Amino acid sequence: MNKEQIENKITQKFGSAIEIQKTKNPEPFIYVSIEKYIEVCEFLKTDPDMCFEYLFQLGGVHYPDDRFEIALTLSSHKHKHELVLKVKLPHDNPKAPTATTVWEAANWYEREAMELFGIQFEGHPDPRPLLLYDDWNYGYPMRKGWTGPDFIPMPDKTKGGDD
Amino acid sequence: MTDVTKNIQLSEEEFLLNMGPQHPSTHGVLRLVLKLRGEFIEDLTPHVGYLHRSIEKIAENRTYAQFMPFTDRIDYCASMPCNLAWALAVEKLAGIEVPPRAQYLRVLMTELNRIASHLIYLGVMSLDLGAFTPFLYTFREREWILDLFEMTCGQRLTYNYMRIGGVSRDLPPEFYQSCKNFTKVFLKKVDEYEALFTYNPIFLTRTKDIGILPIAVGLEYGASGPTIRGSGHNWDLRKVEPYSSYEKFDFNVPLGTKGDVWDRYMVRVQEMRESCKIINQALDGLPEGEIKAKVPGVFKPPAGEVISRIEAPRGEMGYYLVSDGSTKPYRVKIRTASYGNLQVLRYLSRGWKIADLVAIFGSLDVVLPEVDR
Amino acid sequence: MLELTGIIQWVGGIVTSISNSLGLPQIIIDIILILLIAVAIFAFLMLMALYLIWMERKVSGHIQDRLGPMMTGWHGWAQTIADALKLLQKEDIIVANADRKVHYWAPIVVFTACFAVYAVIPFGKGMLAADVNIGILYILSITTFTTLSLLMAGWASNNKYALLGGMRSASQIISYEVPLTLSILGVVMMAGTLSMGKFVELQGPYIWKWYVWPQFIGFCIYLIASTAELNRTPFDLPEAEQELVAGFNIEYSGMKFAMFFLAEFLNMFTVGAVTTTLFLGGWNPPLPALAFIPSWVWFLGKSLFIVFVIMWFKWTYPRLRVDHLLSFAWKVLLPISFINIILTAIGITIF
Amino acid sequence: MNLLVFYILAILAAGSAIMVVTMKNIFHSALFLVLTFFSVAGIYVLLNAEFLAAVQVLIYVGAITILMIFAIMLTHQLFSRSLRQVNEQVIPASLITFIFFVLSVVALAKTAWPVSGGQLPEDRIFEIGKLLMSEYVIPFEVVSVVLLVALVGAIIIGRREKSGDTK
């Protein structure tokens, strides 16, 4: 299946929830509305024509004017095609349902987006920080315009802790 | 980190063992909290991030060309593929055509680096299984590859060899003969490693039927590269969506059958042979011509978003690159192979012993800076 | 004459005559003589341990296509001496929650045990400190203290890795004790004695009369089982670096660590010495014509050869897994050693 | 000299036996038990029973105590917990012990210990082996059957616990 066919099929199925972006981008992608996000993911994974069983990556993007999006790159090893799926998140409180129910691989990617961008993934099975250390409370470093303190003291491990 | 250990419920016979962050077999700084019953692993929680250097954030403050040396640091065992993936992403964004000679040189270097990386895997794997000697043997051969790299780009570990639109330098005149000798000698050395390992009864009992990864589970967790090919899943980006003129090379994709530790080992050993084949072809068929396309000094690619994917030694790696049309990338998301491969560890190691965990973890060939970035 | 027997008698004679002239009672003379022998053996063993460490480094170096220590002295001969001096100066760290007394005693126990074994080892013609009639049984019983000390070290360190290492070593050594003892039984049956001196006498300077030929199965089992008892690769699970970091000795530093380390090498030499005595004719030359080479040279040569073989194992093989290790002892070695005993018994009754 | 050694060994054996019962840490108790066994083995040596001494060390130190320590290490409740070695019934216990002590002293004093004359045989192990295989062959065999039964029983008990765990 080539890209047009995939796009047609999804548009037929989900209609207004899908917005196909074909601008000057070399890489065309599909916007999906947040309400239908998980539904579309499940369809993409299970439909025999789609079969996107492999989540290549999932990452947050912070666009100007404080718009958050998450971008998923999916690939189907069966049909050898790939797709970029994007979700626009609510402005004031970036929040999305978790995709871990569809792909286990989303687990760490979502944890990473959670701590670095402050995007909340609802229903995530293990919402601990992944890369930053546990006492980190200097905001979400990957957001644009984040200015961290010049000097961040090492967490004091001598107090308490059993490891 | 204390909350992690406190939330785990333990029964009478179970206890927690903290493996890492400083532990000989966690290959860098990975912390595994093991819930053990005797020596059996009931559950395992990996903690990563000890090497987090926020390369993605750094990328937003560097120009496209300036970011190239940082990609070296993503995976220090195999820097060339990281370089290559970045170059490919930017070239795709800007629509730059890379001259054929540069493409061949890129293939040559990535394949040499693939061998070097697999040699580290082999040595470290043997070390994990308690055999010290093969480690030094593999590093002896790796040394030769590093010499070749030094000859070409002056660096031994972080090469910074690729450029946007090509490569930084052409091959020195003595490279051809030295590399030819290497491939000839190296094939014999691979046989030597195999004699030490492949059918060694102790090695077989330690690796056969240990840590079996079903294809479906591997895909679900995002495993790639030799890890998933060991299970018999025929997926190699060099074949599926060839980049940098890989379609012109004749090579096989070795596959395992069962997906155990031994299969993953075997796939890598075979891949070294295949890489030798590719290197020979690249050396013999090296086209004449430019090694770098014309790229303006102040490089401003058009705004847009691209994905680049390559088959790095550890599996699929790639960049998700968002450009706003300025000289600096707007957002770079780095997808590395170890990230997916490490997620499988929890599934693979449950129910096995600590000794098996070491073997399984070794067989995934995870490089931690790649996970933490 | 290069035999040391004369020297030993000469020294003994001098001590006795001096003591007699001083009018010391017999008991004091005995004690002085025993102390002299003990000090001599101790000095020899310390040198031996140091040089075995050097030998291990050289052997591993050459197996691994490198040189090993080269800088300190000719081919690095003084390397371990330098290391020992360094270790002596090191701070002795005892972890806060360790069981201090047990932590302190564990290296002493292991060192004493491996030293005590040498009371019954015949180093050469007339060079046997105590020819007790239960020699080999004595060795077997004394070596059990090694297990005890490993358990003590593992427990006292208050470290989970050390504990796992201690437990592994205990289960491993107990399991391999059985085939080890049974493999010796074949030799004991043929010789009809337990005395180390008698074993050597019975084999004599004829290579075809050595017990290694009729007891070849026993010899192999003994070598495998004792490698396991030594906790060396492929059986080095108690200190498996990649799993348990260093196992039972993880919390030891300085001289206490050095004592474990030296004890390991001394035990290795013990295995070589016992194998030589039981299976390779002890200090006897292979042919009577070769008797011009002193007996202790033969003994050392054979023992060091066995030590070399054990080192060779270490630098070639990967490590076994715990359950494979134990099932190998109980399911493979044990039945074979029983078969060996039965065959030996049949052989003895026929011939 | 023998007497001196005997006293040292006897004090060691008795002292460490007291430590076994009074130590608060069960691991230390086990270690003192080793010392007791070892001193007893020393006394055997003094009595010219080297074989018995070696076997004592081999079995009691090498196998039994090690197994006990192993069990202590494996069991979380015993591991690193100090035990109370004295309870409320000190007086009755010491009374009973004292009575038993007096009785055994009396019994020891009243028994005539027959001393068989003559030298010890040169090869004592050989003689022990002969006796075990001829005069004492039935008890010897019975003991091995008992051990076998105990072994099988231990395996059965161990197995049952394991299957109970998994359900």
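By written order: A, B, C and D. Residues from 1 in each chain.
Please note the rule applied: a contact is a pair of C-beta atoms (placed from the backbone, for glycine too) under 8 Å apart; a residue touches a chain by one contact, two chains touch by 3 or more.
Note that the structure is a prediction, hence the values are computed from the model and not measured.
Asks: Among the chains here, which has the CA centroid at the largest distance from chain A's centroid?
Replies: D
Asks: By count of C-beta pairs in contact, what is the leading chain pair?
Replies: After counting contacts between each pair of chains, the winner is A-B.
Asks: Report the inter-chain centroid distance for chain A and chain B in whole angstrom, where each centroid is the mean of the CA atoms.
Replies: Roughly 24 Å, centre to centre.
Asks: Could you put a whole-Å number on the gap between the CA centroids of chain A and chain C?
Replies: 62
Asks: Between chain A and chain D, what is the separation of their C-alpha centroids in Å?
Replies: 68
Asks: How many Å are there between the centre of chain B and the centre of chain C, using C-alpha atoms for each centre?
Replies: Taking the average C-alpha coordinate of chain B and of chain C, the gap between them is 45 Å.
Asks: Residues of chain D that touch two or more other chains: which are they?
Replies: In chain D, 74 touch at least two other chains.
Asks: Which parts of chain A, given as residue numbers and ranges, touch two or more other chains?
Replies: none
Asks: Which positions in chain B touch two or more other chains at once?
Replies: 15, 18
Asks: Residues of chain A touching chain B in their complex?
Replies: Residues of chain A touching chain B: 23-27, 29, 53-57, 59, 61-62, 64, 71, 73, 77, 80, 82, 84, 103-105, 107-108, 116, 128-134, 141-142, 144, 160-163.
Asks: Can you list the chain C residues touching chain B in their complex?
Replies: Per the stated touch rule, the residues are 60, 63-66, 160-161, 164, 233-234, 236-237, 240-245, 315-324.
Asks: Note which residues of chain B are touching chain A in the complex, please.
Replies: Those residues of chain B that touch chain A are 1-6, 18, 48-49, 52, 54, 56-57, 60, 92-93, 95, 216, 219-222, 233, 235, 240-241, 302-307, 309, 316, 318, 320, 322, 324, 331, 333, 335, 339-340, 343, 372-373.
Asks: In their shared complex, at which residues does chain D touch chain C?
Replies: Checking each residue of chain D against chain C gives 1, 25, 27-28, 31, 34, 50-51, 54-58, 61-63, 65-67, 69-70, 73-74, 80, 123-126.
Asks: Touching residues of chain B toward chain C in the complex: what are they?
Replies: Contacts found on chain B: 15, 17-18, 23-25, 39, 126-133, 136-137, 140, 196-197, 200, 202-203, 205-206, 353-358.
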